[in-house]
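My structure is below; once you've seen it, I'll send some questions.
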């Protein structure tokens, strides 16, 4: 499950510095999933992967190195899922009367349990009558927050702007604000200066998450997507259309000079191209116009 | 931008160059160029490469080799710019019995550095899974640096199975030899314990030529794993039923003291805690560092006074280009051995 | 006592030379004008050279002076340097003691140690002089020499070094003085020549200026205007040197060699800090307290299934990881960090955040810059 989230983040990072017009997202996406699987220690051979997707192995491997370079070799992505699990564990502990408050907060487990019962209810519900309802409340909050993390957090830019702990706490804030407040109160003393700052940040993050695009596009959005796709077909970079061919060409001239030296054949070819283009531009009628199509 | 000067070593896995920074020619670095798309690997970037880059980028500690940068060259090669560690590795110092002498204080210093490196990895929830003296390089100032994260991975996720074919055989803990698919940081602690033993004995402690032989040696030197001393061991995937007559009970302190006496009774206590058969009874990396051996006499020698030997840049090239999990070939490898299966039934 | 040396090496003539009689052969200087007396350090009896030749050329023999039966060797006879034989003997004894006791004051850290050392040396010398406990003292000397052989040889080396340095220094000084003198004479000669030259030029100018009646040529007196550029340069240099010497009297190399060093300075090594096995990196979490057990139904199977547990899987590590992930980076505020990026480093609260922060920075758009910095371009 985690590698899917990682793959989405790889895509986001890649397209920070590359344009969809140069590399089509569909091709990059499958490579991103494959790379994410490798990075998250769930390895499958490329052949089995290609079979499942019904594409050639080459099409997956062709853009792999490109993706790596576009990521600037940062394969590690930190997700908020672990944090959410941890918070949930602690909330359950609090309901059991076994929860320990953070250092700096002087509350006994019993006190926290009482506080939980006293919590203001989520909007639209009545106040809890016994601890069992609180447990259920925690569980529903956990489930909803997880959903949010799996969808909105990945689709927005939240990963770039907030740390994983801030992410999961803000989802908790969205889903059940009193619960989140209670939880943070047990961690930080009321007088701490950093608390208001944290809350501001959490609210900002929550705003961003609320405004995320939906996972299932509705009709209007689908139309828009189709239009964009069509447009993309027209304005792609012709040189980078066929990544597989480029890859094969690179492999055909293996460069034996170590370090970052260019192979002689490539250098020669470039020189020829340059000379040719210079000759063309000196031509009386100007250089050849670029091909309009595609 | 680093510039490569000369080649240090080459293998099927990677080529290592010595280089320097363009901006400052005095700062030397080692450039490890990993071959993508070799004949034996058709699945794009190797897992080793990805793991090394991923984990070395995250770990910044004085006892872990530093990754300065990663760059790629035109022809799809991945280059890692690593710290330059010219003084060879710990294996060389151990093997040079005549040239290099060291005592308990030096062993304590080296083990302290290794302990800190492993603890830092575990604090960041990364298992190294290839700890051996070959992967412990010596920097110019005497610090021991853990390198080669090609087999590393993150851990502590419940229900995720992990491979048990990790760690070089001589340093592999019994739970991996018995096929456990779920394990914890204590596998690295077992490796640390065997390195500790090797530092004292100046030869590899448990050197088996096959997995079965390795298990045999563990039974002989530490004890046979059975339900009584390791509850649940019989449920492990590759558990072997041991001959009832041949069961070696867990060795006690006197046995270890007789073999590893130079470490002193406190040191032997630490060694035994690191080599406990049942991984749940083994120390964790934090407990290793909390042991009282570090604060008892003698004080660990300062890194300036540790014995050094110029292994030269060639050794670093040799070591880095090796693939994780390999045992260096020795004279006895090509000799056919007669395996003794009488203990196994 | 400076009397001119006699060319035959007989030494300065002392009063009472005429009465010098060799105690052995009773010959006087009248009979043998070139008579020289030699002394043997064994018994400090003096006799004339001819007696020494006569008696001891065939090998060691007994001392001819009545009452002294010590066997003497011809080699050990030498000329006495002091008028008083007692002093000669004392000097020889001191020289012998000094071969064993040759430390300087700068080798001792406390005055007490130095004084004790000097006392030992004097006691040994006194004993040898007075003939008190001679055997015991000789043995003690030998033992001391054997024990401190290393430091004695080191001190010897140091002493010879200082001596050669002193010689070199005085030689250099003499050389410098000679050069100065030569330079001065040359300068004198040169300035004389220049002055003549200037004089001649002036006369020529006057002679030639007769063609232009309107001009008057003024013969300047010897003033600064008439001095040539070379002279001025030399004067300046001399002034500079003098100034330097005035300003830095301590820098003059004379003082370095001849100053009294005093006791060896005692440098106490800084007290060793206690060994911290964690290398200073252990820390306790700021936001939470880690417990050893958390209730979570999903995790129960991991606690009980032997296939999982026997391999050593420990749920506590999972708790640690999740709690760490739950709060790592909570105190990191990206906009603040980006603002501080120009000033230097902007760290979060937790120490763990340092590594988490690195990861988070990798995840941040702004952190793409940081990754760029890492990519050493």
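First chain written, first letter: the chains are A, B and C, and each begins at residue 1.
Note that in this section contacts are C-beta pairs under 8 Å (C-beta built on N, C-alpha and C of every residue); 3 or more make two chains touch, one makes a residue touch a chain.
What you are looking at is a predicted structure, and each value in this text was computed from that prediction instead of being measured.
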Distance in touch steps, counted as few as possible, from chain A out to chain B: 1
Specify the chain most distant from chain B by Cα centroid. C
Chain occupying the middle, per Cα centroid: B
How many angstrom lie between the CA centroids of chain A and chain B, rounded to a whole number? 34
On a C-alpha centroid basis, what's the spacing between chain B and chain C, in Å? 49
When the C-alpha atoms of chain A and chain C are each averaged to a single point, how far apart are the two points in Å? 67
Shared interface positions of chain B, touching two or more other chains: 57-58, 70
Would you please write down the residue numbers of chain C that are in contact with two or more other chains? 321, 324, 359, 362, 375
Two or more other chains are touched by the chain A residues 72-74, 76
Quick check on the complex: what are the chain A residues that touch chain B? 34-35, 38-39, 41, 43, 45-46, 57, 60-61, 64-65, 68-69, 72-76, 250-251, 254-255, 258-260, 262-263, 266
Which of the residues in chain A end up touching chain C in this complex? 9, 13, 16-17, 72-74, 76-78, 80, 82-90, 92-93, 96, 98, 100-103, 157, 159-166, 168-169, 187-188, 194, 197-198, 201
Complex contacts: residues of chain C adjacent to chain B: 272, 274-275, 277-279, 281-282, 299, 301-302, 306-315, 317-318, 320-321, 324, 352, 354-355, 358-359, 362, 374-377
Chain A contact footprint on chain C (complex, rising order): 284-289, 291, 294-296, 319, 321-334, 349, 356, 359-360, 362-368, 371-372, 375
Touch list for chain B against partner chain A, complex: 3-4, 7, 15, 17, 33, 36-37, 42-45, 47, 50, 53-55, 57-58, 70, 72-76, 78, 153-154, 160, 162
